[in-house]
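So, here come the structures, one by one.
Here come two complexes built around chain A, the first alongside chain B, the second alongside chain C.
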Partner chain A sequence: MNAPPLTPTAFSRPAGLPMPLARSFVTVVLSTIVLIAVCAVFAPSSLSWGALSGSLPFAAIIAIVGLGQLLVVQQGGFDLSLPGAVSLSVVVATHYPQQDDALLFQAVLVAIAFALAAGVLNGLLFSVFRLNAIIATIGTNALLYGAVFAVSGGVPSITTELLAEIAGGETFGVPNSVYFALAAMAVVSFVLKKTVVGRRYEVIGASPSAGRAAGLSVRTHQMMAYVFAQLLYCMAGILIGGITREPTAFQGDSLLLPSVAVVVLGGTSLLGGRGYPVSTVVAAFFLNQLSQFALAVGVPYSAQTIIQALALGFGIGVYSLRWTLNVRKSTG
Partner chain B sequence: MADAAIDKVERTRAAGDEPALRVTGVSKSFSGVPALRDVSVEFNPGEVHAILGENGAGKSTLINIISGTFPPSEGEIWFEGRKIEEMTPALASSLGIATCFQHPAILDDLSVLENLRVALPAALFSRPSPPEAARRMLAGVGLEVPPRMRAGGLSVAQKHLLEIAKALALKPKILILDEPTASLDQDATDMLFARIQDLVKSGTAVIYITHRLAELRRIADHVTVLRDGRVRGSAPVGDIGDADLVNLIVGRTLESAFPPKSPRDGGDIAFSATGLTARGVTNVSFDVARGQIVGIAGVAGNGQSELMRVLAGLHPATGAVTLHGRQLSPSELLHEAAFMPSDRHTEGVASGLTVRENATFSALERFATGGIVDGRKEADQVKAIFGELAVKAPGLEAPILSLSGGNQQKVVMSRALLSEPGLIIADEPTQGVDVGARFEIYRILRDVSEAGTPVVVNSSDAVELEGLCDKVIVLSRGHAVETLTGKDVTEARIVEAAVRAETHVRESPPNATASRPGGLRHFVQSDNAPAVPLALVTILLGLYVYSQNDNFLSAYNIYNIFLLATALGFIAMGQTVALLMGGIDLSVGPLAGFLVVVASFFVNEDKSALVIAIGFLLMFGGAFVTGAVNGILIRYANFTPIAATLAMYIAIQGFSFLLRDNPDGYISYPVTDWINWQWGPFPVAFLVLVATAIVAEYVLRRTKAGWRLRAIGSDEDSARRIGTRVDLAFIGGYVTCSLFTALGAIMLMTQIGVGDPRQGVNYTLASITAVVLGGTSLSGGRGTFIGSVLGAVLLTEVLAAVTFLGLTQTYQYLFQGLLILVAALIYSAVRRRAAH
Partner chain C sequence: MRHFKLAMTMTFATAAAAIALTAAGTAQAETPSWCGPKKATLALLDGYGGNSWRQVTTASGKQTAELCPSITAYEYADGQGDTQKSISDIKSIAAKGVDALVVFGDAGPAMLPAITSVYKSGKVIVPYRVNVGGKEGENYSKFIGSSFVNDGETWGNWIKGILPKGGNILFLSGPAGNSQGLDELKGMKNVLGPEYVFVNPEPFAVTNWDPALTQKVLTAEIAKNDKIDVIVSDFGPSLVGALPLFQKQGKSIPALATSDGNSLGCFWHENHASNPDFKLFTVATGNDNVRLAVQWAVALATDGTPPTEQIFKAPAFEDSVSGQPSPVQCRKELPGAIYLSSELPAEAQAKAVGN
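Right, the complex of A and B next:
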């Protein structure tokens, strides 16, 4: 019998960093640096302060909804209710106060209440009633849009000054929305990676049956995915309400695809499991800068979309290739 | 050496008594762990050749190689003296090699009849009629179920019989049976043996995998023993005694392999279970003295795994559980017990996470203050426990799947121990674990038990229970039929108790659906059942709106609703194909829009008929390419269906804008008029849609292509084993999906009337909504084209109704959302009820 050594030689090496840098993080950061270098050479205008402070708020919004989508994707889901959720919080934040600063706080509370309700609904449908995530969130999205029309009648409304100041303003020369995005990233990252709840959340996402067999409460964690995702969408919607002077009632529609794209580019598997919040946020910046670059060098809108699709395809390709190699190694 | 000997025999043989099948020098490894090493065996016609060996000896790997499920790493397969270059399931079945797998390749979503027809040549069903032919095949194995019944409703034993019926129907030259009697009752076993003897008389070579000596004596002529992937011996059954066989199988002496047992007998009771009753478990009581390991034994499927889950607190049960003199509530039991699941791949480890994460996820509180995990403390403790358990891993941050099976199991044990449990429940702790690690695991379990934590072990390996346990409870049909202690804990006594109490599993009573004949019952369970309530809702809604607004049922309005529904209907049919395969196609919407943009360059007023024809051709060509790219990305580049079609979604939108920045290119009126041709209140195009749906439905239910499509969505592995070329079929399915979308695009073209790059995208979600309303399941395997078309009609009708009722857009969205959610909830509830 080949008795293995009792001294754990393999583990005595100093662990180095407490969390090793994920390969996806390295990939996405390197790509971003390359992109910035390319921008600096070919389209320096896209890196000018003016261009950045104009585009960064949108990168921040994509980052925030991307973090929400990330949470759902981690549980093997796919949240199609994002457009409705974002649009609803936009119209609540603008229509409810009707440019009265004093009502803004209440409007935010109302938006949060809607977000909680939508999140609980999605969560219940997914975890308790075991509906497919796509079906559940298509349904919820339609209901949310019902609410959007009930609140707004489908017409835009002018934002309140206070909200424009908070969400659209700048502090130390950096758009405030960037701080919001960074704060969201910090919180999501910390909770996922450092707390008991977050660590279990990732385990259950990677394998619900393993979680169940270990006696963890799978349903509660899956519910949380949708609730916290909705809160992030709500935050994004309110920020849009401030950044855009007269936001439409369909502000969320254009965010669904980018939200999934940044999650995927950030290296999180659509099959669920470990999530990469920091990489997701970097990917949001990358995607945004890619558009800025294309815009600066005069590429038409159509080509921009194709470039984004290629970047997405390339990203998925790179990551799936890696997974394939890993799987091949372990199964035969 | 062995090869040379066999070759010599081969050369001296007359052509007439060739072995039916010969494997020479076959090796196979998984993740570097060899499962078979240099295996050479001959199987002769007219002989039952038994392959004997423990769990993990390589028996199943061998038959998977013979039946073409996967290729050997090395070695050759010879069939009737011909070398087979590359064995595939299709080739195997055309050669007359039929395999009954241990896990039957039965597709739950297909009916019994369809399961037979998808796997067997059509000629077998030509006379007298397919259902009658099927009934005879089923009668041949004593399986009395209606052929139209869904196979998902069969019991495990019935599925095995169905699998055997499939194999026998082929009148195979070589029949491979992998532990066929594991779930069969005595009568079914006798029947099976009689059939095997008939086959052997007619010259079939039977390869019989088993681990029961008694069966071997009854049925086999020749026996080959495998251990650790190697052939340990091969002889005519009459020439070898049981003792020798056992030595060949086990190949080790028990004393050296297992840690010494508890020196104490009796003593304080550490743990006791009294009158446990749950699903599959009836009134089981036992107790565990301090320092003892208790084993659970029985013929597979007699309530062992259910009992383990009850003991782990995962399944609700009545009865009492006492740990160290204190009775535990269910939640306390869940907290105290550490469960080591038998299915390590799905339940034991969370694949994709690291070794460290897998080792600690149930014990995180121990390293945390205020809910925040202390990484250093965690790493230290993991290192310490890995040292104790001698876990071999490349590092704490290595992926869990990079470890060998034995080390993965030790990680699961580490997790159990780190959570400082009051009780350890180990379900098949050494399944799929290599020999070296197995003994390590025995040692650890013994150490844990010595330290005072009660250990309960379930194992299908009686030798393991004999060596490891101080006490063994034998279960039969959920009852504890024997409790063995001390010297009585022997393999012989355990097996005897399990077998004597109830020779085999009692056949579970056929469920109500099986016994109750009648067409209505079958229809309610069929994929097309949702059509009736959908049609009713559609009509009732129509009548209600009509009662509020006379114009709703005017010919003009009906025509318009149907016309709108036609575009959605075709796209929904495409989506149905994708969902049937267990995929999804998000790119249908943009594709429809893109094809309209393409058409807007050709199908114009001033263009010749030829140019217009080219335009239509290009639409279908573009659809074909899109579908093929989707399929190829999914099957060969390993994209998930969502990821692949999402990238496609964005790209196609880009292409639309590339072709046209702004709406332009007006579609020819004559062409539009022609496509929108009206017949009574109906657009002819809608009638074409209905006809297409009926034809598609026929293909889906009555042809091999349709069954295979559903087979892939139902269970890809089984589909492959019955000879479906999964990759090709999948790509074909996505192409079909895109071609249906092209038909939808033609309708859309007449509605928009201009090449507008912004149009079409809504059809992605609308098509999924329509398909879900129609009753197609997103999990694959079950679906209906007719339902999808009805779903499209209902959805269009609802949108029109909102306008006619004078309601705001709020209601339009509200109704859509409620419709899809209510439909999905009803369907899922019905399906869940049918599954029980």
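Right, the complex of A and C next:
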């Protein structure tokens, strides 16, 4: 018998399933529906519109950083510079204007400039100098935190009114940050799935050597992964600056693990290859709703943490279970 | 004759001015009783220096040390939230020959071995605010705690005043199990009877003092509890971003008992008119705790007379109901991240936090 395929999600398409996308999507949507049902029974308050409109902005933030992490994971990497990148754009967006609306636009441009620089640096280290992604991005993270201290001295600053209105406001009753997350998802999905660049990007992620053999510019595509990821982190950081009126200078720290968790829950293989942006965004909602559920049932903090860990373990376990079944099938 | 009178008047005036100036000069040069004659050097060791509260505190400590001319050098080290670094900071500063060390031991008892070894080597070492365990005269020279139980009692008494028949309380504190939150709860329970119900999970809702997490926690609590009469939080400014959630869910912001901060005071001024239930009471956030610790360290190192107080009790600061000891304050032209309750003048604080 042949050896089992390494990444069945990318290579083996079992007969009967029309779209490979469907599997991860169906899994994460089903998990979310189960969670909503559980919420409705045990913690109905977590589903009230007031609670949702308060917590959805945080789901949107996790979704956006998750999409950034997704792009890097698709190239077989990990981006550990996320905390520094998000924190830096938070402090740039709040410290530079010092509550002056007129300076907000420039502040956003400065934040984007930092993001591009950090992205190019990560990309060069990974694709040209061939450093391990984890090592390279840890280094970049330290640099970014240096910049955070240089800009802010570690002190929080209050958001400008305009930013609070844009990022923290609501349109048609839905928090604006949700629209930002949906727009980011639409762009990432469209580019990945419907453009030539996007298709090449996924091929290179699945197998850089095959990509190179096919004459594709592997380095450029890998580099782009880090640059676009940084732009997404930057967007998330600026939104956090508006959603919390007095953000700390370390607001990115708590986002690293969720960003990886939603990529995995969304069904993307950590080995690289095909990515699932829509599932990642649904997973962000799932993760956020899970923590709201844990808060709403009113159990002690220790139990909240355990509930979250169990549910995450379950979510990831679903994939490994299917994966094993697949392997058995293909090995006969 | 007229000229003579004029000359006399001028002479008197000059003499009076000279006397006044000399007196002022003497007053300035007069050293506080805790500052003795022996020359010494002093260092302030912070476990974590990365927020505005700590920067105001550090500036307050420095200003206190500067009042004593016997202190010939002043040093500062920031442990950056890293226990290992905090420990090595203490050891290296002591090895450099500094005579007196004031330590904010954020890591708690983990700092005790380093503190003890410095004390055993014959230096003055005064941990403050965070309990590091150990005993006075055995592990360190003196511990200057802060009475969080007292804070809890102050809040409790105010709550009794505005809600005499009892009510629902939501208590928010920092990381799970932090001793500050537990002590505050003890203080409140000393004062409040069973008619006051805590709606948060026991012992308090965990926020890590992080504004984003505070927002999430408050979202869940507002949705879950139809009636929250008063919120108690030991870090008021982190609530500013979260309080508008009440209006989003169609409710008035409830009464709030907390610690002060400029951004919070300004938020109250902007919002109390549209939120009829929004009463605000604050205790001083306690930047001046460091002053007492520095005074003790200096007194022990320079042979001065130690202060009479041995524990820092944060006084009540603002009360929107009675206006006593002070009505709610707001300095809109200054940064939000300063503390008007602090002895350090507001402008000096603004400079300390880098604005």
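We adopt the following convention: the second predicted complex is superposed on the first by the 301 of 332 C-alpha atoms of A that agree within 3 Å, B and C clash if a C-alpha of one lies under 4 Å from a C-alpha of the other, contacts with A are read in each partner's own complex, and residues count from 1 in each chain.
Quick note on the criterion: contacts are C-beta pairs under 8 Å (C-beta built on N, C-alpha and C of every residue); 3 or more make two chains touch, one makes a residue touch a chain.
None of the values given here were measured: they were computed from a predicted structure.
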Inset, instruction - Considering only the touch criterion stated at the top, classify A:131 as touching first (chain B), second (chain C), both, or neither. - result: first
Inset, instruction - Would you sort A:273 into first (chain B), second (chain C), both or neither based on which partner it touches? - result: first
Legend entry - Residue contacts on chain A - larger count, chain B or chain C: B
Inset, instruction - Based on the superposed arrangement, let me know which partner A:257 touches: chain B (first), chain C (second), both, or neither? - result: first
Inset, instruction - Using the superposition on chain A described above, determine whether A:153 touches chain B (first), chain C (second), both, or neither. - result: both
Inset, instruction - Pick one for A:45: touches chain B only (first), chain C only (second), both, or neither. - result: second
Inset, instruction - In the overlay, answer first, second, both or neither for which of chain B and chain C A:301 touches. - result: both
Inset, instruction - Using the superposition on A, tell me which residues of chain A are in contact with chain B and, in the other complex, with chain C. - result: 149, 153-154, 300-302
Legend entry - Residues of chain B defined as touching chain A within the complex: 29-31, 70, 312-314, 334-335, 337, 339, 341, 346-353, 357, 360-362, 364-365, 368, 371-373, 375-376, 379, 382-383, 386-388, 390-397, 399, 401-402, 415, 435-436, 439-440, 584, 633, 637-640, 642-644, 646-651, 653-659, 661, 757, 765, 768-769, 772, 778-779, 808-814, 816-818, 820-821, 824-825, 828, 832
Legend entry - Interface residues, chain A side, partner chain B - complex: 1-8, 10-13, 15, 18-20, 78, 80, 125, 129-132, 134-136, 138-150, 153-154, 194-197, 199-200, 202-203, 206-207, 209-216, 257, 260-261, 264, 269-271, 273-274, 300-310, 312-313, 316-317, 320-321, 323-324, 326-327, 329-332
Legend entry - For the chain A and chain C complex, residues of the former touching the latter: 43, 45-46, 48, 50-51, 53-55, 58, 98, 149, 152-158, 170, 240, 243-251, 254, 291-292, 295-296, 298-302
Legend entry - Touching residues (chain side chain C, partner chain A) in the complex: 49-52, 55, 176, 200-202, 206, 210-213, 215-224, 237-238, 240-241, 245, 248-250, 263, 335-337, 353-355
